[in-house]
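Below: one structure in structure tokens.
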Amino acid sequence: MASTITSPAAADDRVSARSVGVRLLSRPEIGSLVGAAVILVFFLIAAPPFRDVNNTGTILYQAALIGVMAVPVALLMIGGEFDLSAGVAVTTSGLTAGLFAYQLSLNVWVGILLALVVSLAVGAFNGWLLMRTGLPSFLVTLGTFFILQGLNIAVTRLASGAVASNSISDMDGFGSAQKLFASEFKLGGVTIKIIIVWWIVFVAIAAWVLLKTQIGNWIFAVGGDAAAARAVGVPVRKVKIGLFMTVGFFAWFAGMQLLFVQNGVVQSGEGVGKEFLYIIAAVVGGCLLTGGYGSVVGGAVGALIFGMVQLGVVYAGWNPDWFKAFLGAMLLLATIVNLIVKNRAEAR
Amino acid sequence: MASTITSPAAADDRVSARSVGVRLLSRPEIGSLVGAAVILVFFLIAAPPFRDVNNTGTILYQAALIGVMAVPVALLMIGGEFDLSAGVAVTTSGLTAGLFAYQLSLNVWVGILLALVVSLAVGAFNGWLLMRTGLPSFLVTLGTFFILQGLNIAVTRLASGAVASNSISDMDGFGSAQKLFASEFKLGGVTIKIIIVWWIVFVAIAAWVLLKTQIGNWIFAVGGDAAAARAVGVPVRKVKIGLFMTVGFFAWFAGMQLLFVQNGVVQSGEGVGKEFLYIIAAVVGGCLLTGGYGSVVGGAVGALIFGMVQLGVVYAGWNPDWFKAFLGAMLLLATIVNLIVKNRAEAR
Amino acid sequence: MTTTESFASEATNSPTTPIVLLEDVGKSYGNIHALRGVSLSVRQGEITCVLGDNGAGKSTLIKIIAGLHDYTSGTMSVNGEERHFSSPRESLDSGIATVYQDLALAPLMSVWRNFFLGNELTRGPFRQLDERAMKRIAGEELTKMGISIPDLEQPVGKLSGGQRQCVAIARAIHFGAKVLILDEPTAALGVNQSGVVLKYVVKARDAGIGVIFITHNPHHAYLVGNHFVVLKLGRVALDTHRADITLEQLTTEMAGGSELEALSHELRDLAPDAVAEIEDETNTGEKEQ
Amino acid sequence: MTTTESFASEATNSPTTPIVLLEDVGKSYGNIHALRGVSLSVRQGEITCVLGDNGAGKSTLIKIIAGLHDYTSGTMSVNGEERHFSSPRESLDSGIATVYQDLALAPLMSVWRNFFLGNELTRGPFRQLDERAMKRIAGEELTKMGISIPDLEQPVGKLSGGQRQCVAIARAIHFGAKVLILDEPTAALGVNQSGVVLKYVVKARDAGIGVIFITHNPHHAYLVGNHFVVLKLGRVALDTHRADITLEQLTTEMAGGSELEALSHELRDLAPDAVAEIEDETNTGEKEQ
Amino acid sequence: ACSSSGGKQEEQGSSGSGSGVADTPRMKVALITHSGPGDTFWDIVRRGAEAAAKKDNIELQYSSDPDGAAQANLVQTAIDAKVDGIALTLNKPDAVIPNLKKAVAAGIPVTVLNGGLDSWKGTGAIGYFGQDERIAGQATGEKLKELGAKKVICVIHEQGNVSLEARCQGIKDKFGAVENVNVTGSDQPGTEATLTAKLQQDKTADYVVALNAGVALTAVKAAKTAGSAAKVGSFDMSKEMAKAVQDGTVQFAVDQQPYLQGYLAVDAIWLNKTNGDTIGGGEATLTGPAFIDKTNIEAVAKYAAAGTR
């Protein structure tokens, strides 16, 4: 009698098996992958230079420029928050390194380290203020967005007397740093910028962290339902601040790329508006704006879609007046394909 | 015996009375009002021209430029959606009226009507696509944002051969339309642009609709929990499409204001980025980005705060390099004041 | 007393056409077939209890009738007409009011706004909300259910679980027209409030309304039901009238037909030693932890 | 059988220091004073039932112990130390596991991820999630509770109400260390599953864990409880040991002390004419609908 | 960790245009442009204006907003603040002119700089300092012909900007084989990728004309990445641009002397206020175009390095 009650529930015959294919199809990034494939095929047909494998490097570079920052932005979005300051934070990082090294005539690497500290501090400040005030992250990071934008210009002008940082290209350590952040190499005829390699490495690590570690589980949880996560003991505060600091870290990296790809000069007005490109990449890649759902790989695919469309229109040689209209139509196309794939997967 | 059960529940003595003051304090817009007051006092002290009552018109005008569109954007946000195309839709409206009237040599009012039709259609399209695909509104309206931005430039160039619409200032009906949309009058020394009057009228009507009508109730409900609203029979689809069409209507109005304040010429590249100012105004005014909470009056106050800060920095004659940094700090200040007021109210 | 008695049996035997009739209805969520070949009829003045294990498909069934989901096979007719509701509005317009298990309240809206959501009272030429009337009615209805909500302006999200449930039930009862569907309405309710709800259900039935009542409490079911449908893994396992079943049998069916010695303890007035009996089972069970 | 018997009385009489001790605790939400002067003790190997009407303050009370809210007056000591938990993590680290009434599950996350949320198993030098082990354990624990969840990768948001509740309970029981708090755990559960949960509760008690059990079902309470606390409008209205009260008295107390003729019907095996009796009341009631 | 090369330590003393300060009464002049923040070109304009202000004992208030209506309202705030003069750009003439007229009506002398050649007359403004963008474009077209270009890509870094469109249009007027491409000026790496793609797509292009210095330098890099032989010409100067012209990586720069625009626009107000002068005699004073290439860069490089050219 007792065994009847503790015995396992009667076998449930209501579930038809889902093939591995269908299981795969229900991953958040798959829809955007199919969307990317559609866009790729489209441009392979419409834009002859797209077919030239040598141009792959250019397309990947365009994607990587958004894609690197899309990694932490996707993580942050899965964790339920926004960072509107992500775009200008990149400029802040580049400026910090450039101005600091130049003004104090220090080895470039010292400036790089200082920029890292500043970037992490900006992220930590965002996260701290968010948790401290309970304001929506849209507002908090909007504040830092404006503040950083202002500081970028004002401090640069104070230090260098102009609206760009002074060139550090002839200073000690520049060469080695440039090699790390902004060199390029040939791979069978294709010129590959090193940022593409870094991008792939970052995506791989972040995807692994998100799906296969405790931290990743917590990120999903704080984004899906912060109250529930807190109730079962997830350190919501730490996770969110950590996410903002991750954005800081990546902003540092992107800032260094910006600095060294431009021969050691950063324009202080740069970066405004980029935050939305990162968010767009993450959303196109299947991240939910409300948090709790998404994938890092999806964010990368979103960046790829965006990069392909941007350059595809150029490669196709279309009238540039229509550029934005094409871009919009393509984005809609990619996301609707995304949607159809998802619905198909769920109906099976 | 039966009466015992149906009898009213025992009187609950756990609730201490809340004074009218505290009740008032817990309205969503009050926090931002206090924030606005703080900013006002700040600039009254810091910027002498701010004290000159004759300059009120300038400040209100600056606020109204954002505030008019903040009305439907706040409603939409309370209804749980975004519209990233709101900024360029204004330009689209102005261009449509201008180009159409000029190219076909029609009475200006015909162009105005056509622009209304187009604006409403854009809104309806946004809403329809949103409901049809179930995509987040961020993505859908991002698509229309790019498409409209592209069309604005491409169609303008096709029609007028330049990047601005042809002037319609000498055409029939221009004078009467300008009187309606972009005239100004004196009120005891203060020059009041008519858009300020319209703004106040719109805010009053929208606030009334939101708080005192069935539609308003439904807007709160679809934003707070669309599934729950649908379950009790609220026509979620219609409400959301209606909200997008409201944005369309206001975009039409703002477009007409743009057209007639600029003597019948609209630059096709204008409007990009303004959508965020509207959203900022709504959020600063206490609307929840996730929907279901907020107020129209709050959105108006948000626009006022933004306008005051923008001009206050100029009136104070501060170094413009620091402008954005001040703006950010002021925004944070205003929202933190907002928060403190709210918390105080709730703790009472 | 006799009235009811006869009413109940009348309903049982009456050949009135059902208001809602489901025939062979199935529903799949992707690869999960939550309902398969379910037939059910709801008649005027009759309480149909739908019972069954967790995940048996009860809520899915009522969501189909409420218009929240569409069914994927079979037919549903309402008032003799075959229908596919595309939204809950259509179901409501056919006179079907529903209390959902997950409540369907907008958490940030005040109690009275939630109460009247979708059925707002208006007045005047501008169809302004009649706030005063709505607050009064909402307050009265809730008081009648025996709960005290300190402040009707409070957002629903701040109420206790049971208070929220009462709001949903009071609303459905207030607006119910022909069919009233209640999905585990008493789950979060206190003893007092449960009694009130059961009484309301009976009263609704007597007013000629067809009621679908979902519960895990066989006592509640047996107390008011005219007709019992037990679902098991998405299929109808039992469909019987009150006259043809005893409480014991019903309870056995609800527990999935397994032996119920142990469980029946909790369904009777028990002496403390019952605890020990349960204890026994635990010891025979093979869980380690 | 005797073991338990003696255990129960032992617990009742034992002078062991309480693991959790609340003295004169109060809690206000703004202008609502949800709790006032509540004292309560939770002892090892004892089940404390907290009972009371809807909105009486039960959930507020346990949220204080669980570290979700801080209290505004009085003192709480855990393991003899006075504590103000600033987060549930602190409470968990003191060995207190809680099943919340509103469940605390992340709806978009899969069942197994929810089960282990905050207590993930890892392996290898990189502390990678041990998915295989977690899925196995989650599956086993849920099966033991007698529910079948077709697919552990399914998001929790798609489960039925009872299935969700089972996930939360199974998790708390699996990780419970010293104190187990259950806020209306059986509310959405079927007959079968309720029985299993009650058994688990008893088992936890016998393992020396202190249990706080909130329920609206006096049978469930009386079946397992050693100690009963009834809250009324935020104050303790009754605080007694099992030995000092009968089920009838307890039920009366729970219903707020009102006359319970009518309600007791639903608590006993009833013949069909019970319906008529309820009917009677309705007729005497003055509600017009 | 000091650097052995570069850095501030090697910076040369900057050449000031320091001369005496006028003893005329202190004045307040507002400079209101349509520039976005952090733009090198406008930084030079501002420097010119500041130099004039310093010399003339003027307190300069700079403000800018790329949005037409907002710029117009900035003019209104200047009127409200009762400044003694306003220097403004008229790139969005229809938006700004109404308030310009108001300023004039309020007795405030107004000068126009940089943009608005076609619309400043009749507004009551006392002078215009800038170049005719269309003519500058046309001159560039001639120059490209001279240089033997066959196919030109004109890079617009702000889509829908009237002056930029006019430059490309001017080139087209005289040269013909011109194709436009849009980039985002404030995003250098993105600009590089887009230009790379354009050059990969159009292998016949042998000249890229950028419309500001930053984009031109990016175009040089893009041409290298794309493996294209295309040469680069540019509008506007900067420190880096001067170096690029010296190195021969950029063939020429069309200079409109932004420093001069800012300087004259402010100085003209001072002259008007203190001496009733008007510069240009009711006609526009053109500050460009001047072609700077290898032949004459030496004369300019020094000033470019100081940030005044």
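Worth a mention:
For clarity, chains are labelled A, B, C, D and E in written order, and residue numbers in each chain start from 1.
Everything that follows uses one rule, which is that a residue touches a chain if its C-beta (ideal position, glycine included) is under 8 Å from a C-beta of that chain, and two chains touch if they have at least 3 such contacts.
For clarity, every value in this text was computed on a predicted model and none was experimentally measured.
On a Cα centroid basis, the chain most remote from chain B in this structure is D.
In terms of C-beta pairs in contact, B-C outnumbers the other of B-C and B-E. Seen from the Cα centre of chain C, the chain whose own Cα centre is farthest off is E. Chain centres here are Cα means. That of chain A falls 34 Å from that of chain E. Centre-to-centre spacing of chain A and chain D amounts to 44 Å, using the average Cα coordinate of each chain. Computed centre separation for the pair chain C/chain E is 74 angstrom, with centres defined by C-alpha atoms. Counting only residues that touch two or more partner chains, chain B has 5-6, 10, 12, 14-15, 153, 288, 323-324.
Across the assembly, chain D contributes 32, 144, 147-148, 150-151, 192, 195, 199, 256, 258, 262-263, 280-282, 285, 287 as residues in contact with two or more other chains. Multi-chain contact residues of chain E (touching two or more other chains) are listed as 37, 159.
Taken together, the chain E residues at the contact with chain B in this complex read 37, 61-64, 67-70, 73-74, 76-77, 80-82, 92, 94-95, 97-98, 158-162, 165. The part of chain A that touches chain C in the complex is made up of residues 1-6, 10, 12-18, 22, 346-348.
Put simply, chain C touches chain B in their complex at residues 66, 68, 87-89, 92-93, 98, 100, 103-109, 113, 116-120, 122, 126-129, 131, 143-144, 146-148, 150-151, 153, 171, 192, 195-196, 199. Listing the residues of chain A that touch chain E in their complex gives 47, 49, 52, 54-55, 58-59, 61-62, 65, 101-110, 149, 152-153, 156-157, 161-164, 166-174, 184, 191, 257-258, 261-262, 265, 267-274, 307, 310-311, 314-317, 320, 323-324.
The touching residues of chain D, counted against chain C in their complex, run 1-5, 8, 29, 32, 52-56, 59, 101-102, 144, 147-151, 158-163, 165-166, 174, 184, 187-195, 198-199, 202-203, 206, 216, 218-220, 222-224, 242, 247, 251, 254-256, 258, 262-263, 265-270, 272-282, 285, 287, 289.
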